[in-house]
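Across the two complexes that follow, chain A remains constant while its partner is chain B and subsequently chain C.
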Partner chain A sequence: MPKAVRQLAGHLLRGLVMVWIVTTFTFVLVHEMPGNPVQAQYESLIEKGFSPDAASRQVAVTYGFVPHGSLWSQYGHYLSRLLHFDLGKSVSAQGVSVAKEVASAAKWTIGLVLAGVVLSFALGVVLGVVAAMRRNSRLGDGLSIAGSLLHGVPQYVMALVLVTLLTVKWPLFSTGDVNGLIQPGFNVAYIASIISHAVLPATAFALSSFGGYLLTMKSSVVSVLGDDFILAAELRGLSPGLVFRYISRNAILPLFTVLALSFGFMFGGAVFIESAFNYPGMGALLVSSIGQRDYSEMSGAFLLITVAVILANIVADLLYTVVDPRVRRASGT
Partner chain B sequence: MSTTLDLPTIGNRADAVVTPRRRGFWHNLWRVLRRKPTRMAGAFVVVVFVVIGIIGPWLYPANLPTDSNLILSGPSLAHPLGTDFQGADVLALLVTGTRYVLVAAALAALLTVVLGAAIGLYAGYRRGLADSSLMRITDFVLTIPGFPLLLVLSTVWKFGSALQMGLVLGITGWGGLARSVRSQTLSLRERGFVEAARGLGLSTPHVIRRELLPNIAPYVAMNLLIGVTTFIYSQVGLFYLGVLPFKAENWGVMIFLAVNNGVTQTGSGLFYLLAPLLSILLLTLAVVLLVDAMDEVFNPRLRED
Partner chain C sequence: MTMTAGSGDPLVTAAVVGGGPSVQIRDLTVAYRIAGRDMAAVAGIDLELPPGSITGLVGESGSGKSTLALALLGAVQKPGRITTGSIEIDGVGDVVTLAPKAVRKARGAQIGYVFQAAQNSLNPLKTVGRQLLDLAKSHDVDDKQSLVRQAKSLLERMGLDAGRMLDAYQHELSGGMRQRVGIMFALVLNAHLLVLDEPTTALDMISQANILSIIRDVSTDRALTTLVVTHDIGVVAEVSERIAVMYGGRLVEQGPTTQVLRDPKHPYTRGLIRAIPRLHGDPALAQALPGRPPTLGTTPETGCVFRERCDVFARLQLPACVETDPRPTPIDGDRLVSCHAVASEHQQADREARA
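The block that comes next holds the complex of A and B.
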């Protein structure tokens, strides 16, 4: 037990260092931006008749640091704001804190990503095993080609085709604002509205990403099939079910890293689906903030996406040691 | 004493006698391609796209002629794929955009595979300090999620040329491959033949090249080809989201302008939207068929003869 705790603590510490590196990166990026947005806001406030003091306070509220003073003092100021979970204020939506905007967008993306990843993982693993077992038949060939093709179909292609067909030509689903006129809360109308908005994005996501799992699973099963211990198990006359358990336990290993990583990746990767379906998630927020040159919002969204990936990495590492005894043994020595 | 000196030479001589003459990679590829007509079709389509990519931009003038009477028109004799919202020929836009797309994707895929395989193999085999420091770097590359990073970078970098695009895509994209190559290596190094090689005292470069790489090669080769399609997808996506300037000749610019001129809503000028989308699909299908062939070239377990 203490070993697992120590391992987790190490992962968390490394995660914190990552977050620090990424915040430094966004700080430098915003600071060195051509046209220097921080300085620009400061100067426009001065022109509006603000006193230098009031103007720099206003700028500090937006970006988390003041445009003058040494680079180190600006950086220190910025970090101390972040430690209080203060991401600054949005420029495009005046007066709204970035933390609030990012949190409300994250809620939507988490739902979409969970539904999509679970759907595509289940589909990919099952079909991948089938494709490997029947790899010399037409079914196996068809499955792997369909999988690779769908894996290759970019999410925006899938999303654009679904949008054009199902919301414009035959309006089965809606893509507008979820909250619309319905009272938010735990009631049937609201939940139904959420589902009708989320079904299509989740489907587009699952369709465009299960192919990756299918291919990984197939090639992994094929390589395990050639191993001696499988032959030995068959020769010992073990039941096919047991042999299958031997195969699957070994074959699914590469998939776990892919799975956990894709959770994190999807936070940013859902950009296309979200913007095609007008879905109010993190990716859409990131794109719109870049379009509006709203750099404080951009850094906030980017930071949260990064944190999601870090957490997914930690989970992947822990899962990997649980699933593969060989890695557990090796990391113990 | 003499045994330790003789062992390697005996081993080599025995090798030379037992191993049949190895046929070359291209010979194997050709043999595997011919086995299924779908694979030939895939190879053919890839070659056609590459030729278009090479000569395409020379076929048309730098500024395409526009016809303001024919806006978002359907296919006709003069314009086989219709026209865009300014009345320019869609086929011409498609052909001139091919070079950027292919050059950037190929460069990025190559960079990814070389960096990813080298780092993954070395880290997974050596373990220890080399492993943990290389994986720290890999974690960092993976931690900064690729596509959002590209979006953020687009505020300062305009990706004007295909080489710049390919370089950035490749440098930010190798983390995933390094990680999965490492985890496969971790599993491989516990196998008997690798332990035997280590026991013989063979050098790390030798073990990595002769024992580990052949086992990882199918996976890496598939990643090279699939990488080309994913990098086509991400660069076209960057242009599609509209965060980059529209000056560049790229299929993504076409998709962005088509969506923003209401093609998905009104349905007029559907070919303007569909042409780049279908090109991506066609190229992807072709690459997938080639991957199928590659798989068989590299992986003896899949061979049917």
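The block that comes next holds the complex of A and C.
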């Protein structure tokens, strides 16, 4: 399938270009940050009695670029470090590499975001179909209203409400820290732990974002219901089950675009939701690194989130190609 | 049974022609419930489709012709419903009183429906072949191979590359191809009643001629009872033996096509035919019918629906036209005309002939 391979290669290339743009952006951000953290660390190291050379090396280890030298040489140094997956060292946790920190936090967040996205997508699609089919009844109206109301509630408010209700008022879940002794990975203890700790955050995700899917799915189903091919299928005597499948498969297409966009939204939302639930993911990492002005960790987390969103978009694009023959057969010809 | 086999079997044709009418519509009224009020889109229709005949149903948009066509399949779209009347279809029964599942099974199997060419009547996400298998599943067809063979022979008969068609998605087909694929879907289960809704609208002239000749050939080959719904009198003149003219939800005139077109009786039919530009002579001779057709809300509650645009009413001002809805009056044996003026003229002529 050379066409599919070519397509994948194109997607990856575009993704790489986007990653490069974002890394450049993070570099400039850290470099131009008011208070110049690079220079600040260099100076504090000098004050501690480091020789200028040693201090300079130490800073380079932390941020990925040397405090002195031209902008271009700093930039080149930074990029070459990135190519070796070296994101520098954490400032707040001295000596720990950012890559390690970010990777361990990402394991928690990716599980959470995936669970949240899948849950909200499934919930939104199913309820959206119900809302469309029963659109002239009270049930349909109620679902649509609930969808738009919940969609309007910010994720962190939803998180705080859930925390208050389910851990303080009726303590069904604990908000305690995830047991640090459990090794993240594909083992029962980790999965059980992620489930018990991720239920509430994932629910907060799902509740605050299924409304968007619900409303999109509802309007999509209503518009497909009005399409000629549905009436044509009925007039051909197709069984109700098949007609329903025709409707749902066609109606779900526009949702893939929303799905792709929502990954970015989800990672952004993780910042608020994770800190509300005391969940050791990317969001918590970002918040703590911001609190401690840990720029190297911040830019590392930022980079990983970007890569995750870009990857999610590529996957969604490929998925679209699989489900829609019009896209599949049109591309590459 | 392939089409060629069907045409070669005179017994089948004879058996179909020998029975009563293939479709008998009696006093059919379809109303749309809008703002709590029932508005009749189709009112008091009586129509027979003789077996093996092609009937053209003409009317302007909004005259209720598509509603009537959908009613034949028990598929009047909400908020519309059949309020009175019956639709007796040979081999199916009365569509109005039949259980929904039986109606569903009759669609496609006994009654084939073909959509307007410009409309997208195929699922864009599935190939024609996959949709054919969906049809088989819905109608409990066990022998899928012979169904595919049947579909292929129909497609080839219509001048298409059958293999390519079955592998194609809708967006890969031209308008004319889609229309022929639509006809294949309507006939592949051996329906004996074929309903075509604006089969040539939005096709170019060559494809139009092509589709019309296909409709004619297929109808003869398979001894189909065919109803062609169209706003184009040219199409009716081309293919149909009988014509039924609709206006404002009423059938105003029906009869053999040649007679009706040569000597239209109803003032509306006359106006309609006058409005056709001729190939020869002055194009300005074509006269548009003054006024606008009624909509659901503006249809007069009593009297003739056409009187506001009627030149005869303007001249004679018959009180009956305001008071009662004209009923179909038989004229010249095979024709029916719903017009007070024509009816009274006819009675007078009858009386004079007798005297």
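Keep this in mind: the second predicted complex is superposed on the first by the 310 of 333 C-alpha atoms of A that agree within 3 Å, B and C clash if a C-alpha of one lies under 4 Å from a C-alpha of the other, contacts with A are read in each partner's own complex, and residues count from 1 in each chain.
Everything below uses one rule, namely that a residue touches a chain if its C-beta (ideal position, glycine included) is under 8 Å from a C-beta of that chain, and two chains touch if they have at least 3 such contacts.
Note that the structure is predicted; figures quoted are calculated from it, not measured.
Asks: For the overlay on chain A, clash or fit between chain B and chain C?
Replies: fit
Asks: Kindly classify A:S239 by the partners it touches after superposition: chain B alone (first), chain C alone (second), both, or neither?
Replies: second
Asks: Should A:L231 be classified as contacting the first partner (chain B), the second (chain C), both, or neither?
Replies: After superposition on chain A, A:L231 lies in contact with chain C alone.
Asks: On the superposed three-chain arrangement, identify whether chain B or chain C touches more chain A residues.
Replies: It is B that touches the greater number of chain A residues.
Asks: A:M18 in the overlay: touching chain B, chain C, both, or neither? Say first, second, both or neither.
Replies: The answer is first: A:M18 touches chain B but not chain C.
Asks: Between chain B and chain C, whom does A:V323 touch in the aligned arrangement: first, second, both, or neither?
Replies: After superposition on chain A, A:V323 lies in contact with chain C alone.
Asks: Taking CA centres, what is the chain B/chain A/chain C angle in steps of 10 degrees?
Replies: 60
Asks: Quick check on the superposed pair: does A:I252 touch chain B, chain C, both, or neither? Answer first, second, both or neither.
Replies: neither
Asks: Give one of first, second, both or neither to describe whether A:S275 is in contact with chain B, with chain C, with both, or with none.
Replies: Only chain B is touched by A:S275; chain C is not.
Asks: Could you tell me if A:L45 is touching chain B, chain C, both of them or neither one (first, second, both, neither)?
Replies: neither
Asks: In the superposed model, how near does chain B get to chain C, counting Cα atoms only, in Å?
Replies: 5
Asks: Output the chain A positions appearing in both contact lists, the one against chain B and the one against chain C.
Replies: Of chain A, residues 324, 326 contact chain B in one complex and chain C in the other.
Asks: Note which residues of chain C are touching chain A in the complex, please.
Replies: Of all residues in chain C, those touching chain A are 70, 73, 75, 77, 104-109, 113, 115, 119-125, 127, 134-135, 137-139, 169-172, 182, 185-186.
Asks: Taking the complex as given, what residues does chain A use to touch chain C?
Replies: 227-229, 231-240, 242, 246, 249-250, 323-326, 329
Asks: Residues of chain A touching chain B in their complex?
Replies: 14, 18, 21-22, 25-26, 29, 32-34, 135-136, 144-145, 148-149, 151-154, 156-157, 160-161, 163-164, 168-169, 215, 219, 222-223, 225-226, 253-254, 257-258, 261, 264-265, 267-269, 271-272, 275, 283, 286-287, 290-291, 293, 295, 298, 301-302, 305-306, 309-310, 313, 320, 324, 326-327, 330
Asks: Would you pull the chain B residues touching chain A in the complex into a rising list?
Replies: 127, 136, 139-140, 142-149, 151-152, 154-156, 176, 179-180, 183-184, 186-187, 190, 218-219, 222, 226, 229, 233, 236-237, 240-243, 255, 259, 264-265, 267, 273, 277, 280-281, 284-285, 287-289, 291-292, 295, 299, 301-302, 304
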